[in-house]
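We call the chains A, B and C, going by the order they appear; numbering starts again at 1 in every chain.
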Amino acid sequence: MDFTLRIVMTGAALLGLISGSLGTLAVLRRQGLIGDTVAHAALPGIVLAFLLSGSKASVVLQLGAAISGTLAMLWVQSVVRTTRIRFDAALGMALAVFFGLGVVLLSAAQHTAGAAQAGLDRFLFGQAATLLREDLLTMAVTGALALGLVLVFWKEVKLVLFDEAYAAALGLPVRWLQTLLIILLVVAIVIGLQTVGVVLMIAVIIAPAAAARQWSSRYGRVLLLAGLFGLLSGALGAWISNLAPRLPTGPIIVLLLTVLVLLSVLVAPARGLLWQRYRRRRARATAQQAVVAVLQELAHHHPEDYPHPTATIQAALGANVPVEAILRDLERRGKVQHKPGQGWHLTNPPHTP
Amino acid sequence: MSPALEILLVAVLTAAACALPGAFLVLRRMSLVSDAISHAVLPGIVIGFLLTENLQHPLLLVLAGASGLLTVYLIELLEKTGRLREDAAIGLVFPALFSVGVLLIAQLADQVHLDTDAVLLGELAFVPFDRLQWQGIDLGPRALWTMAGLLLMNVLLLWLLYKELTLATFDAAAAAVLGFRPILLHYLLMGLVAVTVVAAFHAVGAILVIALMIGPPATALLLARRMPTYLLLSLLIGALSALPGYGMARVLDVSIAGSMATMVGVLFGLVWLLAPETGLLARWRRHRRQQLDFALDLLLLHLLHHEHQPAATVERHQDTLPAHLNWTSERLNIILAEGQRRGWLQRKGPEVHLTPAGRARATQLVETLAPARSP
Amino acid sequence: MSWAIEIEDLTVAYQQQPVLWDVDVVIPSGQMTAIVGPNGAGKSTLLKAVLGIVRPAAGRIRVLGRPFRAQERRVAYVPQRADLDWDFPATVFDVALMGTYGRVGWLRRPGPAEHALARTALERVGMTNLADRPIGQLSGGQQQRVLLARALAQEADIYLLDEPFQGVDAPTEATLLEVLRWLKQQGKTIVVVHHDLSTVAEYFDWVVLLNVQCIACGPVGEAFTPDNLRRTYGGRMVTPVLSTTSA
C-alpha cells in the first residue's frame, strides 16, 4: 500500500473514530443538528485564521474553526434564551449567516492573498488527499485529549446527558459541564473538516451514533461502537475512493455511513425492524398453538363439533392473551369454525384415544 | 437598466420570495428542513442539468422540487420507524443525497461543466449575462423574470392558503377537523420551499438560501405580534437586507451572496439589540425598572402577610428585614426610599409600616395573584 | 418538633412573573409531607428552589438547619418521570447506580460498595429481576420505581419526590407507598408533590397547601380543611374530598 494512501486511510479512520464517538454527546440529547451549524460556522474562522496568520498549517486553521464554531453556538444559545425564536430557527440562521461571512472572507482572501487561498477550498468539500503526517498527529493528540476528558468526567457527562435536573440537585456544575460538551463537539467537528468538508461533516457526527444506538442500550457501548463504526467507514471510504479516479472521499464515507445506519435500523438485534417483525410473528404462532392446544384438550371431553365459548378458552389461557383475535385469525386459515352466539370448535379434531 | 441595478433587483426579488415560505417554516419549528432541502436538491439539479445542459431550464425546477419532496418524505419515513429521532433523520438524509450529487458531478465532470462551488455559493454577478430575448428584443436578465415569477407565485399561493396554513400551523388538529387536510398543506408548503430553493440557488447558492429563508422571518418575529404584520415584515426585511448586502459586496469587491447573508445576520443583530420592546437594551432597562417594582411589591406583601401575626414587630423591623428577605441593607434602603416616595410605606422608629395606600396596593396584589387555574 | 426544611419569605419569579410569593413553609423531619395545589401553583418550583436548581428572588431556605449547598448529598430528588428521555441508552441498574454518584465524587468510579447500594435499592422497589433491562422498555410504573431506587441508593436523609404517583398502576402505587413508609420508619423525611386529594389524609402526616402563596401548612388534621382547600383551589371545591378529610 503506498504511503499517501496509508496516510489518508489513517486520517479518515482517526476522524471517524473521534467524531463518531463524540457525536453521541449531541445525538443522544436529540441535538445532532448542532453539528451542522458548528461545521458551517467554522468557515469564517478558518479563513480569518489564514488571513491573520498567513499560515496554512492545519493546527492554525483548526483553531480558527473551533473559535468561530463555538461563537456561533454561544450566539444560538443567547438568542434562544432572550427571544421567542426557537432552537431550530436560531441554529439555521447561525449556520447560514456564519457561512455567508465565511464566503465573504474567502472571496476577500482571493484578492489579497491571490492563489494562496486555493488551499482553503478543501474545507468546503474536504480533500482527504491533502492530509499530511503532521495533520494525523494533530488529530490524534486533540482526539485523545477530547476522549480523555469524556473518560475523566464519565459519570458527570452521563448524568448531564440523561437527567440535568438530577445532576443539578446533586450539586454538579451543570452549566459548566454543558459548555464542556459543546467544546468537545466542536473539537469532534473541527477535526474532520479537512477530510470531509463543512457541508458533509454533520453525517460523520450523527450517523455513527445513530447506528450504534440500535445495537446497544448501554451508553458506554454505544460510544465505543459509534467510534468503531466511524473508524471502519473512514478507513474503508478512503480506500474505495482510491480505487477509481474522481471518487471524492467525503461523499463515499457519508454513503457508507448511511448504509450502515439503514442496516442497523433493519437488522440490529432487539431494536431492528426485521427482528421485531420476526419476533411478533413467532409470538403469534406460539399463541395460536396454545389456543389450538386448549381446543384439542376440550375436544377430548366433548363431541367433535361442540362449540366452546370464547370465555372458556380465555379462562384457560389467562386474561392477557388476545384470544378473540387469535381465533378469528385461525378461522380465516380454516383451523377452527365459529358457531355464532355459541362458540368455537376445531375443524380437524384429534381422534380420541 | 444598468447591470448593477439588474443584479440588485434580482437580489431583492430573491430575498423577498424566500422570506415568505421561510416565515411558515420558522413558525412550524421546521427551519432546519430548509437546510435539508437546500442541500438535498443537488442530485436533482445535476440530473436536470445533465439532461438539459441548462441551469435555467424549467425541468431543473421540477426535478429539484421532486428531490426536495423526496427528502421530506424520507426524513418522515425514518422518523416513523421510531428508531431515529428527528435530528438524526434530517442529519442522515440530506448529507446522503448531497453526497450522491457530488459524486455525480465528479464522475461526469467531462460531460457536465457544473461547478459545485457555484451551486453551493451562487453567483449573482453573472445575472446580467444570461438574458431573455423575444423576437430580437432584449427583455432583461432571465433571472429577473424567474425571481419575479417565483415571488408572484409565493405571494399568490400563500395569500390563497393564508387562512388554512395559519390554522394548520397553530392547531393541526383543529385544521384537520375543519377539513383542511394538514398533511396536504404540509407537503404543499414543502413543495413550495423546494421550488423556491431551486429557483434561488443559482442566484445565492444552496446554503445562503437558508439565510434568506430563516433570517428575515426570525428578525420579523422579534418585532411582530400578529400574523399579517409578521409576514409583511419578513418580506420587507428580506428585501431590505439585499440592499446593504449588495452595497458591501460592491465596495469591498467580495461575494454578493455572502454579503447578503452576512447582512441578514447584521440586521437581525441590530433588531435583537434595539427593538423597541423585545430588544436586549429595552429588556435590560425594563428589567432594572421591574426589579425595583417587583422588590417593592414583595416588601408590601411581606408586611401585609405578617401584619396581624404575633411576630409582626420582628418581621417589620428594619434590622430583621434584610436577613428575612435575603437582601443587603443597602438594597433594602433603596427600596424603602422608593416605597416612601410612592406613599406606600412609612417608618415608625425602626419599624416599617404600610400606609393605607400601601395596604390597598398589597391587598390588590394578593387578589391578582390567583395563579393559572387548572382546568 | 424539629424541622427538616425551613422556608422563610421565599419568592421565586421567572422573568419578573412571580411563581411563588413570600412563602413561609416548614416541613417536619421524620414525617411524610404532601405539597398540594392546582396546576401552576409553584409546587415543583418549591422543590427546585429547595434543591438550588432555581434561584429565589428573595427569602431563605434552610435544610437541616443549614443552607442546602452545604448538604446536597443528604437530599435525594425524584424528578417528574415525563421530564426524562427514556430512550437514553442505559439499563435499570445504570440509573440506580447514578444515585451513588454524589458520594463517589469527582474522578472516581463507583466501586463494589456502590454496586451493592444500587442492588439493594432495586430490591427494595421490586425491580431486581429487571436490573439489566434497557430503560426504554419499561412501563410507566417501572420507570417510577427506578427513579425511586436511584434516590434510595443515594442514602439521603430527605427525599423530595415530584408527582411520583402520577399515572402509575395500582401495584406500583402500593410499592412506592410501602417504600416511603419504610423510609419514614428509618427516621427519614419525605416530601411529595401530590395531586390526588382523596389520598392525602390516608398517606400523609403533614400538608402544605400552595397556590403561589402558602395557603396553609401544618398537620393534615389541622391544615387540610374544606375552607383551606377552597382557598387553595379558588372556590371550585372537590366535594368527594370533604367526606374523606372529615373522616
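To be clear about the criterion, a contact is a pair of C-beta atoms (placed from the backbone, for glycine too) under 8 Å apart; a residue touches a chain by one contact, two chains touch by 3 or more.
Since the structure is predicted, the reported quantities are computational estimates derived from the model, not experimental observations.
Novice: Based on which chains are in contact, what kind of graph results: line, ring, star, complete or other?
Specialist: Chain contacts: complete, every pair touches.
Novice: Can you name the chain that lies farthest from subunit B, using the mean of each chain's Cα atoms as its centre?
Specialist: C
Novice: Measuring centre to centre with CA averages, how many angstrom lie between subunit A and subunit B?
Specialist: 27
Novice: Return the distance between the CA-based centres of subunit B and subunit C, expressed in whole Å.
Specialist: Computed value for the inter-centroid distance: 39 Å.
Novice: Just give me the whole-number Å value for how far the CA centre of subunit A lies from that of subunit C.
Specialist: Computed from C-alpha means, the inter-chain centre distance equals 35 Å.
Novice: Could you tell me which residues belong to subunit A and also touch two or more other chains?
Specialist: Those would be 30, 213.
Novice: Multi-chain contacts in subunit B: which residues touch at least two other chains?
Specialist: 85
Novice: Which stretch or stretches of subunit A touch subunit C in the complex?
Specialist: On the subunit A side, the touching residues are 28-30, 152-156, 158-159, 161-163, 165-166, 168-171, 213, 216-219, 221-222, 270.
Novice: In the complex of these two chains, what residues of subunit B are touching subunit C?
Specialist: So the residues of subunit B in touch with subunit C come to 85, 287, 290-291, 294-295, 298, 301-302, 305, 323-327, 366, 369-375.
Novice: In the complex formed with subunit A, which residues of subunit B make contact?
Specialist: 26, 29-32, 34-35, 39, 78, 81, 83-88, 90-92, 95-96, 98-100, 102-103, 106-107, 109, 116-117, 120-121, 205, 207-215, 217-218, 221-222, 248-249, 252-255, 257-262, 264-265, 268, 272, 278, 280, 283
Novice: Which positions of subunit C touch subunit A when the two form their complex?
Specialist: Interface residues on subunit C, with respect to subunit A: 48, 51-53, 69, 72-73, 75, 77, 79, 83-85, 88-91, 94-95, 98, 101-102, 104, 106-107, 109-110, 134-136, 150.
Novice: With touch defined as at the start, can you tell me which subunit C residues reach subunit B in the complex?
Specialist: Result: residues 8-9, 11, 13, 16, 18, 21-22, 24, 38-42, 56-60, 87, 211-213, 233-234 of subunit C touch subunit B.
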